[in-house]
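Given below, in the form of structure tokens, are the structures.
Same chain, two partners: subunit A is paired with subunit B first, then with subunit C.
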Partner chain A sequence: MSTTIALSSTAKRDLILIASILIRFLLFQFDNVTEILGSRVEIVTPVTSFRRLTEGIYLFQNGVPPYDGGIFHQPPLLLPIFAYIPTILTPILYTCLDLVFAYLIQEITRIKQQLYKDCPRSDGDEGEIEPWVVAGCYLLNPLTIATCLSKSTVVFTNFAVVASVYYAMKGNRSYAMFGIAMATYLSLYPITMVALIILLLNQNMPGKSIAVHCIILFIGWLSGLIGLSYLLVGSWDFLSATYGFILLLSDLAPNIGLFWYFFIEMFDQFRNFFLVVFQLHTLIFAAPLTIKFRDHPLFAVFVLGGITAVFKSYPSIGDASLYIAFLPIYSEIVNYMRYSFLITNIFLYSSLLAPIFYHLWIYAGSGNANFFYAITLVYSIGNIVLLVDATYAMLRREFDVRNPELKGREVTQK
Partner chain B sequence: MWQPYRLVYLLLFNQILLISIYSAKTSDQFRENLIIKPLPDGKVLTHFEFSIHSSNVDESDYDLFPRSIGQIFQTYKARELHLTFTQGRWNYEGWGYPIAPSAGTGVELWAWLWKNENLDKNWRSLTNALAGVFCASLNFIDERSTVQPRLSFRPEGVYIDSELFNSAELRYGSLPHENVCTENLTPWLKLLPCKSKAGISSLLNSHKLYNSNFHSMSVHVQPVCQQKECHNSQLEILQTVSTVFDPVRESGKRDWSLYQLFDRDITRACPLAIESNIVLMLPEVEDYSIDPEPFSIQTVDSTKRRFGVYDLTKSKTNFKLMMKWKEAFFEYDINPIQPDVYAHRYFTGFGQEHGGIKVNLFNRNPTNSINIQYCDVIPWYLRLYMHTLKVTVNGNEISSGPSYPIKQLFYQLAVDRSRPSVMEANISLPADTITTLSIEFDKAFIKYTEHPPDANRGFDVGSAVITTLSKAESKWDSILYQQTQDGIYTETLLISLPTPDFSMPYNVITLTCTVIALFFGSMFNLLTRRFVALDSENRDKK
Partner chain C sequence: MSETDTDRTRRLIIASFWTVILIGLPLWWKTTDVYRAQLPFTEIEQWSRWEASNLVFPLDFTFYFAEEDETPIELEQLSENIERALNEQFSRDAEADGLVTQLSVTVDSVKWKQWDKIVRKENEIDVDSFGNSMEEFNGRYEFYIAPGDGDMRVNLGNSRCAFVQINRKDWNELAITKILPSLLFSFFHSEYLLLSALFKPPSPEEKPNIDNMRAMKYSPRYQITFSLMNACPSTLLVDWNIEEAVNMYLKPFLDELKILSEVTVDSQVQYYAQLTVTPEKNENEGYYYLRPEMLPHFVNSAEWNLASAVSSYPTLNLILYTPEANQSPLHIHNSKGHPIDNNAFLIPRWGGIVISNPQTTNNSYKLTVEELKPIIEIFISQLRGLLGVRKFTSDDKELSAKVRYAPPPSTAITAWELDSLIRHRTAENIVAAISTLKSLSQLVSEIPNMVVLDHIQTEVLQALDSLKESCENLRTMSYVAALNHAKQALERSESAFFDPTMVSMLYFPDEHKYAIYMPLFVPVSVPLLIALLREAKKKK
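Entry: the complex of A and B
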């Protein structure tokens, strides 16, 4: 009996793997699909657009400084990567990144299950999720597939984050810090996860103080990357064109986030104030989450990833696909979540209506900007409810695990 | 009884005094000319030219040269200055090339300024000062619309090639949405020595000028030379007004008279002018009559075009002029003679998100390829993708090789809210072809305060300028140039950008902040409070 289950399990795994590769390769064959997805505001933003990257490479190769203008806002090291990779290999690169990501998240799940093997359990727990299912969830997530097909460069950031988490859990200090430095270099916001990566490293070697060493490593890698970029483009303009652009929000192109319409409509004299408030609000959760979940840094990575995906200045569904990938690892909290049905519906509702409302506003002219704005609010609320509910479930389960004697009693917050 | 005698003597004496003052100061020379050209499609082009040459313009001594312009020119260290107000569009295919290079619709200002550390400040001050003089919104030419073309807009005055580029810089700005009207013409007229009181300028009747198909008014200040050696270069102010009237619209016939066009006749030449001519370009066909007959008829050697000249200084009475065609009504020529080079520019695409610009450059010369300089200034809110630049010749895409029409390309990237993109190219148009440039762009989403009050009207994009240097000729010797440039201006374009809901700022601020507060509150709650079991006492209290 057990052998047949194992067989069918591996068969399912292989089936999912083959299906996800096939879907990607097939859809990459249609230029229309990649072009449409590559220009959807929900999927690509000014800081991840492959079209803008192509423009940057074109300018770079023709001797025009790419950062001396308002079109290209991605870090310089992406330029040589795509300048020398033949166009035909780009789909293969993106597919491979997704597959390796899936492999890493599967390994992360395995290591996590090993780590918490001996911890007490809650009565509500079902059997542990199989690691390949986590990988499958990532590979078949429509958000992931759309991001991959759009050739959005957020894929690189996601990959760097997950690789950093993987190496942190394996205990490889240098690689882990390089991963998070790379992610920070690529899109700035992952800097909030540095402390969590150090905590993850610490789980492997409790008692040893590695924080200082890790921070030095992080600063070293990051300055190395930035120095290399300087050597590549020969000026510091890229700092203001990439990180300044992310922080100051000079392009108000619509996306699924909260910034764009707010700052289109904002009165000029309050713009700077709200910009500071909004950016701080995104970054500030790093500290309390790290402290609260110091025993579960992996879970904090999920929550911080989610906060970044909702509250960053140029979010896309690619950011959501990163943090949602971490959710199935904590399958044990699903029973404690209260709003799963609502969350599912909000996600379906917003993914259906966002393209329609955008079309009504921009192309049909029969709707106005408020239509799309409303759906971005709905999408944000969906993510927020998911994050809050997952955090609640995690804490509630912890409470049950710690206080098995209180089972069945009504519980409140104090 | 004796008083009238004394009055007559006094008047005579005054007259002698005045004449002697003017003859003592012969430094400034004023010339006025009116060129009238019947156009092939029945319209009539009238082109007024007033020029003053002055050999000593400094801050204290002004004779005929207008002080307001002279002072601005001196104070802001300008070397050359060109300002054009245009209403309507010159129809190159129907009318051929204009006599003075017409500018694109709206206002165009370009100047060569002497290099110094205050150059950009001088340019700002220059635009502001000219805005004051001409009652125009020239002060809106700020750094967002100012550019420095590298290939186009060479100086029109004399210059020494090597010296110029080390000592002066070009600034160019245009306002395509600016309307031109009487309030711009009045200060323009005041710069003339005779205002509109006498001479050719008395014809400039704003009621008639602005009731025309095309109207362009300009002021050019530039250094010129009178002799080959150019020992003492002079400063010239050249004021022109070009207007295209349509007599066919009113009468069905091409017949026109000065009185019909301007509602006025010329009473006398301006007494201060050393030259006062009306030049009528005579059509090649002979089925017309002119009254009065030209005082003299001259022929341009190279083209055999004939023109009749009326010297107003020799005309003692009111000067009337009319032209009649021997036909019952005018029939439009279906195949007008097209000029060699002309261009059309338009937007492609749909929706408010992406778009494209396409320029068709026509070369109708059957045998020769023609070199042109193309200069296009695109505002920052259209984000151009240079990698999408495509060049086709007669529909066949060419991407490189010796037949690639673009010989040289300068590109300046736009910076959001501070400078426009500039695309300049040296293009060789093959004989008898249509060369098409196309490029794609994204429309920017701009703040609600950056939209004009009539947001849904859209934004104007200024003309692209095509300069043909085929006419470039060195008049005197190799290092001293005075080029004639032909500017061909394409259509100005109107683009609508995606608009937000202008009535919503408070709602948006409230709703977005609510969503953020929802998250912050819930998360804060979860992170700071602990779970506790309700004991039985607590429950009872509830």
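Entry: the complex of A and C
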């Protein structure tokens, strides 16, 4: 006979909450942990590094234009946040952002379940996921924890995206557009999600055309933020130092993305052309996904977030932690996914081998750049397989719901 | 969702993919466009086919005849006659046909009595004091002609003046129109030969000119390094007062050459400088010697540190070598086995070496400025060869005239020599600039993928302008200006030719482009094209 300690779901939720807070606070106490995580190329990039931000803040506080040093490449509005918050409070700020993110994703799940509760469902569906489980998945995701401890500023972008989605689902047009404008301001790529946020807003009030109003709001907020930045640093240098830096790939230091190796090898004459091609990769999927999933914009946010995490110029695992947070919301598609085992293994494999190969290349000298680049390819393939598989599962489930009689049969698109 | 609805969705999706691709197409065109600034190909072609037929190196001669009561010279018609004879003689010469000769002659008479006495004062004539220095410039020469009793003799000054004494029996117009042109021809002919050789394509059977082989390639700057090579400082420590010696003896020479090239001088002393050849001993006379065939191995390039880190300009090495005690005194033998006087030799296009055997019983010795004077003199004569200075002499062995040269000036170069060198270097630079431009235009037209940036175009245009200016200045006898423009033309054409942006795409065949585009775009385009074709089929 075995004794099982049955915990109520609220108790479990509290336990997870306390555990995740404890993990963060505990690990923040070890300076070398945050130091190591804050310098890993897999976790921080030139556009999210907290160490580079510190440099910018130092220059800013001493009256030197922060972008003159050539090290700092983040938007100017991050400067006053950290300039006036005592260093002691920084870990608390990062932990709080994660907790609020978790709360928002939990609320998003709840609203989504509310919205689709009248939709027909497949008979293969299990019961709906508890919203707090989605939050727990985010909080205990090792990618999230590592990103939080590294004090990477991608956390702010992620938070802005999720807040925007949350307010969009609540129907608050102004806040939702501010959120996505903020995310765009912070790292440029979320601009592809603007249409999805508008679709999410539209779900609340079907029939009304709000697109024009929303776009005006978006442009207004974005120009407001950029104008504020101009007032703060007093010159337009920050545009080329941040967005120019992202678009033109001035830093070829290795990261887990696809750009650096390719552009190290690239012939100079074709560099501009392939920059355009690579940057268009993130853009080309925005419109088709929005059209295809116009009934499920939340799912499209997940897919587009994943595409951004793979194809952006300086990706990190923080970008992956954002889109993976949206996956458990659609718990109903998990049964339709075919490669869950493969995907799990690819992620484990690459997170184990990436640091090893990086060490072999840079420190031990017994490997070369190809070792690390191979692992970044594996990581990207893992992400893409996950996206493709989830998209397949979503579409197949839709199909099955509409055609219950064809369930389990082979379906091909003609 | 109805059937038509899904169709519409699919079409929209395909359209949205193609929209992004269509946006990408102009960007493709724009970003891979090979930027080629337009080069003046036809103009360069014209210059290169020019073959110097328009190049002129005009000279202007003024003859001052002594006004004598006994047999006065009729000046009328004389200048035209001499000029005609002179030009005929130059242009008759088949070898010099490349150049247009433009020699003008002016005649005048000067009261004989005034310098009668000076001339009588035998051979020591200060010819340079005759000239009117205000009217002197490169290309304009003055000859003072007087009748005399003996053979014809010529006194050549250091500036642009000469005194010619003609036998009294030849003191008539007819003889003079024969004598003077052949005299000038004998002096200037060799220079014209050299100039016209520059503009001709080199022929293999032509024997190389020794003067040319000795001289360095022209550069607007040179570096001269004086090295004192002390073979064994433990027995004899040698030092020298080189700075003062250079300032005193070499500087006037370098100052004269400043028009042509800037020269910087530095010096060094090296100890334990070992030879790679072992001198042989002459037992009878008790000295050591080097045979001529040993001299090419004299410089120990493996151990002597002669490369200058100071500048990237061509370096001329002048080495003073003091042998070690058990090899001294050291002399150089000529091919007949006799020691040569100056104990020095020259390495063409590299530098010169002087061997010095200081006579001292002390174990340290300092070469004073006075002791360095003969050594620097040898160095200067070597430098003249290395920098392309040619002695201004008559090349006609049959010329019956006795030629006397004024004592060498402290500058070690006479105006005649400097003028000739300036004309030669100008022609050389013009030819080099044209051939560089020609190579550039060939390269650019042969390789269509080569990027030609705006500054290359600017350099080429400026080089052509400088060439034009230079030729224009030659025509008006402004030789120094012509030289400067020719220098600029050469520098600009070379900086265009050797520009780093020119070489980046030197070799980039079209197959490389396929290799660049195919791996990404072929796989991507297959599903896009198939979807498009399918939609098109459905529409039908």
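Some points to look at:
Here, the second predicted complex is superposed on the first by the 405 of 414 C-alpha atoms of A that agree within 3 Å, B and C clash if a C-alpha of one lies under 4 Å from a C-alpha of the other, contacts with A are read in each partner's own complex, and residues count from 1 in each chain.
In this section, a residue touches a chain if its C-beta (ideal position, glycine included) is under 8 Å from a C-beta of that chain, and two chains touch if they have at least 3 such contacts.
All values reported here derive from a predicted model rather than from experimental measurement.
For the composite obtained by superposing both complexes on subunit A, the positions of subunit B and subunit C are in clash. Contacts of A:L377 after superposition on the shared chain: subunit B is touched, whereas subunit C is not. In the superposition on chain A, A:G69 contacts subunit B only, with no contact to subunit C. In the superposition on chain A, contact of A:Y261 is made with subunit B only, not with subunit C.
Put subunit B and subunit C next to each other and count what each touches on subunit A; the higher total goes to B.
Looking at the shared chain after the overlay, A:T391 reaches subunit B, while subunit C stays out of its contact range. Of the two partner chains, subunit C is the only one touched by A:A287; subunit B is not.
After overlaying the two complexes on the shared chain, residue contacts for A:C137 are found with neither subunit B nor subunit C. When the two complexes are superposed via chain A, 242-250 is the only one of 62-70, 242-250, 278-286 or 386-394 in subunit C with C-alpha atoms clashing against subunit B.
Subunit A residues in contact with subunit B (one complex) as well as with subunit C (other complex) are 267-268, 288, 292. Residues 1, 9, 12-13, 16-17, 19-21, 23-24, 27-28, 31-32, 34, 451, 504-505, 508, 512, 516, 520 of subunit C are the ones that touch subunit A when the two sit in their complex. Of all residues in subunit A, those touching subunit B in their complex are 39, 51, 54-55, 57-59, 62, 64, 68-71, 250-254, 258, 260-268, 278, 281, 285, 288-289, 292, 310-311, 361-363, 365, 368-370, 373, 377, 380-381, 384, 387-388, 391-392, 395-396, 399, 403, 406, 409-414. Against subunit A, the residues of subunit B that register as touching in their complex are 350-354, 380, 383-387, 411-417, 421, 442, 444-449, 498-501, 504-505, 508-509, 511-512, 515-516, 518-520, 522-523, 525-534, 539. Contact residues of subunit A toward subunit C in the complex are 267-270, 272-273, 275-277, 280, 283-284, 287-288, 291-292, 402.
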